[in-house]
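Okay, got some structures for you below.
Below, chain A partners chain B and then partners chain C, in two separate complexes.
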Partner chain A sequence: MTAPPGVSGGRSRRVRGRPLLYTSYAQDMALLDTRGKRIWTGVLVAAAFAVSVLLADRSLEVLAVAYVLAIGAIGLNIVTGYAGQVSLGHAFFVAIGAYTAAALSGPPGGETLGYGLAEIWIWLPAAGLVAAVAGVLVAPLATRLRGLYLAIVTLGLVFLGEHVFKEWKELTGGPGVGREAAIPQLFGYRLDQDGPLGTKEQVLYLLMLSLLVVFAVAARNLARSRVGRAFAAIRDRDIAAEVIGVPLTRYKVLAFGISSFYAGCAGGLLYCVSGYVEPGSFNLLLSVQFIAMVLIGGVATVSGAIAGALFISLLQPVTRALPALVPVISGDTTQTPNVFQVETVLYGLLIVLFLVFEPRGLFGLWIRARNYWKSWPFSY
Partner chain B sequence: MTGLLESLIRGLGNGSVYALLALGFVIIYKATRVISFAQPALMLAGAVAVSYLAEVTGFYAAVLLAALLIAGVALAIERIAIRPMVGRPVFVVSIITLGIDVVVRVVVNGFIGRDVRQVGDPWGFAQVSLGPLVVQQRWLAMLLVTAVLVTLLFAFFRYTRYGLAMRAAAFDQETALAQGVSVGMVFALSWGLAGFLAAIAGMFVGTGQGIEQLTWVIALKALPAIIVGGLDSLGGAVVGGLAIGVVESLFQSYQGEFAPWLGQNFAVVTPYVVMLVVLLVRPYGLFGTREVERV
Partner chain C sequence: MTVTIVTRVRERALSAPTAVAMRRKDLGIWQEIGWAGYWEQVELVAHALLALGVEPGDRVAVHSENRPEWLYADLGTVAVRGITVGLYPTNPPAEVAYLLADSGAKILVAEDQEQVDKALAVLDECPELRHIVYLEPRGIRGRYTDPRLMSWPELLELGAGHRSRHPGAVAARMDAATPGDVMTLIYTSGTTGPPKGVMLTVRNVEFAVKTLVTGGGFTSPPPSDRDLAVSYLPLCHVAERAFTVWFNAASGVQVNFAESIDTVQANLREVQPTILFGVPRIWEKVLAQVDIRRAAATPVKRATTRFWLRVADRIGDTLVRTGGRHTTRTRLMYGLGWVFCYRALRERLGMRRVRYAASGAAPIAPDVLKFYMGIGVPMHEVYGMSENTAVATANRPGRVRLGTVGEPHPGVELRIDELTGEILTRHPGTFAGYWGNPRATADVLEPDGWLHTGDVGEFVDGGHVRITDRMKDILITAGGKNVAPSQIENALKASPYLKEAVVVGDQRPYLVALIGIEPDTVGEWARRRGITYTTYRDLSEKPETRELVRGIVDEVNERFARVEQVKRFAFLPKELDHEDGELTATQKVKRAAIAKLFEDLVEGMYTR
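Entry: the complex of A and B
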């Protein structure tokens, strides 16, 4: 295709010293459109990898779980943030992924279902795909419903799922008993054991971080593609989107499918770290936590979802440290106030405070800080 | 046959509790277009308030005081967290109520403690015979009180100034405002009413088996009720609540015998199954207004 005169096609040269001047569409849509972003993203990713040798194993474990939750939060952000379909049923899809992965990789002939396929490149896509199929099956409801009706229906899904997983004892081990989680094994090498590559926590940390980078880049690319633009059109005004030629049903089904794929993958990975899944853990609270991650991080931004997931995950170790600092708060669950209550109250309060004062979340705070310094000292 | 009728009465009893909660949801929804996920917390708070007050003032006075207290709490929540959000997307406000629910529940759980708390009701598990039927007194109490409350509520909406103001604001906020209706007052009143009804419902949930930290989940069964009845229909909320209660009770009695493959405690999730089935047939519920969209 030749570009019309005056408009350069393809990736043309940037003008030096003019970071906001775009001379082509490709430049405008680039993932990292300024040099500053390119450099700092590189530094950030490099730092994240370097941390694996610097931090203690306990901290690495927390961060590894946070990265997996970030994958799930990015998934929820695709359906709720980009496509605007409110889903309180994310925990259901996470559960489907977790049990698909656990059943595929589990030892055959045990008390719970297992097929002995412990290779991660088998069970991870399978977990995502099974969850995606479930998402596509639920989607016909979503295409008929809007807004809060959809939120309530997906909430019902969590309760139905919880019941099924508690009753299906061959798969899940039953409530209070549980089963072993998916075993991460890559070409015969167990990633959840100490080995030549490092300790168990280091290896898992690196695995989760690499996967998060892959999933995050994929989501960013999806968001700036034809599909991403269709999602945004549906979110902003679904009827107008249909009028300009966006097939609503197809894209809503697609949004649910992709989001559930992310949720399923996150579910499969989530319990690798602890090595144990209990069917009671896929409840409404998990869904609310994912919603909190998306809202606190920043709706319809991938970096925001990651920031939100890190924020929520780090809340737990921080509150656990509170009894040492604030003697009023007890570490004992039988006393009031205890750390668990403080943690739960913080979830709720943070959701409320962010929505009231900074609806764009942590991402919005970052934008504010950036804009302030961009025009400093003329901040008005 | 007597078994079936007894099961029906239990269903209607529980269903009337769901109806009270569903009415709270619908009243708030009609006034503000928001689904308040804070109802479970208010319900639990009501039950806890009754259980503490009953030791001091006796049961019946405690119920009234607790209902007024929770109405006050709901008013405070509306004024502090919901009113500043007027004009923002309803989804955002609903998520705020979700956050409030979590916070209020933690506080209330502190008052419940780790054990079951009795609300001090006079009925307990005591039974009464109606001809050949033997039913628990509390089902009848629930049904009777709900019937009275629903009648009063509908009369309030039909015959009083404030009821008219609420109907007008629900129909068209701007026109109501232009006619001199204080829409802020309508918002406050709707939250207050919802809190009042939630507290009464909480007291009934606590009759007999008492309340514990997990009791709040029962309030979520009102959500299928409002979906079945239609989000913006008061009559639908009552019908939906009763229907959900009856279906749940019938499954509780007969599912173990006729469909054991559905698993134990399937009755607990039947409200959600009913909701999904109704939605497949009628996406806006049995009595809800169908949204007409024009470009």
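Entry: the complex of A and C
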């Protein structure tokens, strides 16, 4: 067949009022393909920014941490959700990012390592890249292992990392002591101090929100690209993917690399808010938290990962308030049952409940609601 | 210079080269074709036809589903003063042989291997056929060696070569065109005998264009380049040719080609056309689909839809009274219903943006039209036939009268024969005669220009015309009563459960009906009731199905006089099919063939 006449590849006009009539693949693949989506996404982002002046500083702090966790969750979703490689080692990569950032931005000549490069545009990419390198080094394991075996091996990473970070006192300050976290500084302005732009919390909130938007859009773009399709093919059936010409090793390495990059960046940012990082925090619980975010939010969706991160983060203030309401639960770690145990149990319970009743997570609930109205007045 | 549809396209290519002329869906994308691209292809085809030695008056046959190449071939042929002959994609080889031989086509444009095979099988009967151009090379290229075969790219290449050697040849041919040139043969569906080729001249088509398209004979305001249409009915039929080719060339309506007849629903949803033409079968089918799908919805949705469709029914009643104009009350009810049901329902049906919908080419039950009017699709029944270039009467927006085919277009003389009740029309769109059949022409065309339509009708309230039936179909019962079977049949077919109904009773004591169920809806109905069945025939013969149909028949009978009531009915053991000679290419029932094929069934109903 010759190419149909008059069709030029670059031209892309939408026909007014016909959301399903695509006249080019660019339209078909567009992130925000309908006016409704454009408007509502705009409203949502604007509302998120507006929140910075509406909410109290304490709440902004919680949300800022939630946004950073969301970046990490998106990262885990890339490797586990899109590419289907189960990873329990996410906390390890987060830790690498956190310490890279802290070491680079820390003051030189202090008790712990520091190079005095406090500019965020230096340490943030560096944190991501170092973590990505670690991810790429680990990835060859994934090319040989599948499913549960891969999960166990990546679980090993967490314990290895925990041990190393506890012992490497020059870098981490050692267990129970810790060190100060990365210092966010942009063109000479300290963002973790009250300034002309607002309080410390407001500034950090806006920083984290902006970064989340950047990372989320990047992940969405990745997912709809050739790479994203290759990931999905590997997830759905690796042998079939290989048969249709997807180089498995290359894409698995890529998935781990990108995922770790996200984890590293999240690690660098995560402790900016509290200003303090302790090596004991990078344990299995953190990995499980990320898994919970992905599963509760929605596997292989960016908006699901964000929703999951928000859900888990906002769950924490609720559980922390439990000792006051339910006297049996203690706020002290030395007693049983304490809030932290309750939290762990709750994560497990939520994961189980979501996997059984709504495997597509919060995003699945949304899809269900949307389809109900979309198919109106029929059911399909 | 004579204005033809080809000069109209050439003009658009000059004035709006990049505007969209048509879209075709290819690999999931609606590929746009601009006017310049359209004209380029038409010109290349025209040059190629010149290179192949097509002289004025030569016939070029097109045997394909609707697609841009159909239009290129059609207009290319008209550009070189040839005559286009359309073949139905469903035509079996025997009919292909008849049509090719009768028209004496020199060149055949066949869509794919299926159609090429049909032509190759009957080559001996068509001595004048010199070239077969195929559009889809799959299964043909490298396997078929017949020297007459040629691929579409080869044809275009031939045209390009000819154009570089004789740049002005096509323009010269176009300039020589006269209004009397026959530009197309439209074969009648042939319910009673072999199909006859209706010769339509440039003058006929220009009259139809002026009356129906630019004059706004159907739509109000007249169609423009902002309108979208979906092309899915066979282009060899005069109605689809008018709505696709003529609307497009004359008014710039953007034509969107459906992928196939099976994907029409999905394509309609994507395109959301503004102008939509359908035959009764399509409208009935969509209505049946609505019934199936709302019955399968969740209880809340089902209840809401049931309520709002009942409201729509009331709105429809009012609109029928007012001729299609809303009253304050209906506007208010419709506004509410639009929020809860109609907007979404119309969106799902692909009729959200329809500003003009028309039903024609066969009679339709008023209830079906009322449903569409109720949910806000401006539905109009129109009337015309190949012999008068589809120009006769139409229900005009705001002056709709249900059960009639509307008022004669301006410039159309229409009278009803006092003796027989037959409708006669006279206007410049009256055809030039049947191809190679002057006797048949003389039968329907009076020397003073009046055309016998073969339809019996009457005037209602002076202006609107109601059609009783085809003259040949009127039954005279043994009691001497004249009965119009199509009205009874359409009342029956308005039920979503019935697909075919053939009323028999000529020279008989009472009327009986052969009934074909709609397998989709009855199947769904049976599934919901836990009735298991295997085949179409098995489903028809279930006692529960008989009960269901008995109820429908009784209900319809109540609306008719005693002699017009169907006393007994029997089920057709199979779905009627074009291939088996039971239906025409336009899905019209061949009564004679049915009566003969199912003679025992009919006799059984009278002897019991």
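The rule we apply is simple: the second predicted complex is superposed on the first by the 338 of 380 C-alpha atoms of A that agree within 3 Å, B and C clash if a C-alpha of one lies under 4 Å from a C-alpha of the other, contacts with A are read in each partner's own complex, and residues count from 1 in each chain.
Rule of thumb we're sticking to: a contact is a pair of C-beta atoms (placed from the backbone, for glycine too) under 8 Å apart; a residue touches a chain by one contact, two chains touch by 3 or more.
What you see is a predicted model; the values in this text were computed from it and never measured.
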Query raised in the report: When the two structures are overlaid on chain A, which partner does A:Ala50 contact: first (chain B), second (chain C), both, or neither?
Result: neither
Query raised in the report: When the two structures are laid over each other on chain A, which of chain B and chain C touches more residues of chain A?
Result: B
Query raised in the report: Touching A:Gly156 in the superposition: chain B (first), chain C (second), both, neither?
Result: first
Query raised in the report: Should A:Pro337 be classified as contacting the first partner (chain B), the second (chain C), both, or neither?
Result: first
Query raised in the report: For A:Leu197, is the partner it touches chain B (first), chain C (second), both, or none of the two (neither)?
Result: neither
Query raised in the report: Once the shared chain is lined up, is A:Leu148 touching chain B (first), chain C (second), both, or neither of them?
Result: first
Query raised in the report: Can you list the residues of chain A that touch chain B in one structure and chain C in the other?
Result: none
Query - chain C-touching residues of chain A, taken from the complex the two chains share - result: 1-2, 4-7, 11, 13, 15, 17-18, 20-25, 28, 375-380
Report summary line: The answer for chain B against chain A in the complex is residues 34-35, 81, 84-85, 88, 90-92, 94-96, 98-103, 106-107, 109-110, 114, 220, 223-224, 226-227, 231, 263-266, 268-269, 271-273, 275-276, 279-280, 283-284, 291, 293, 295
Report summary line: The residues of chain A that touch chain B in their complex are 86, 141, 144-149, 151-153, 155-157, 159-160, 162-164, 166-167, 239-240, 243, 284, 288, 291, 295, 334, 336-337, 341, 344-345, 347-352, 355-356, 359
Report task. Would you pull the chain C residues touching chain A in the complex into a rising list? Result -> 21, 23-24, 26, 28-38, 40-41, 68, 136-137, 152-153, 156, 228, 269-272, 293-294, 296-298, 301, 304-305, 308, 341, 344-345, 348, 353
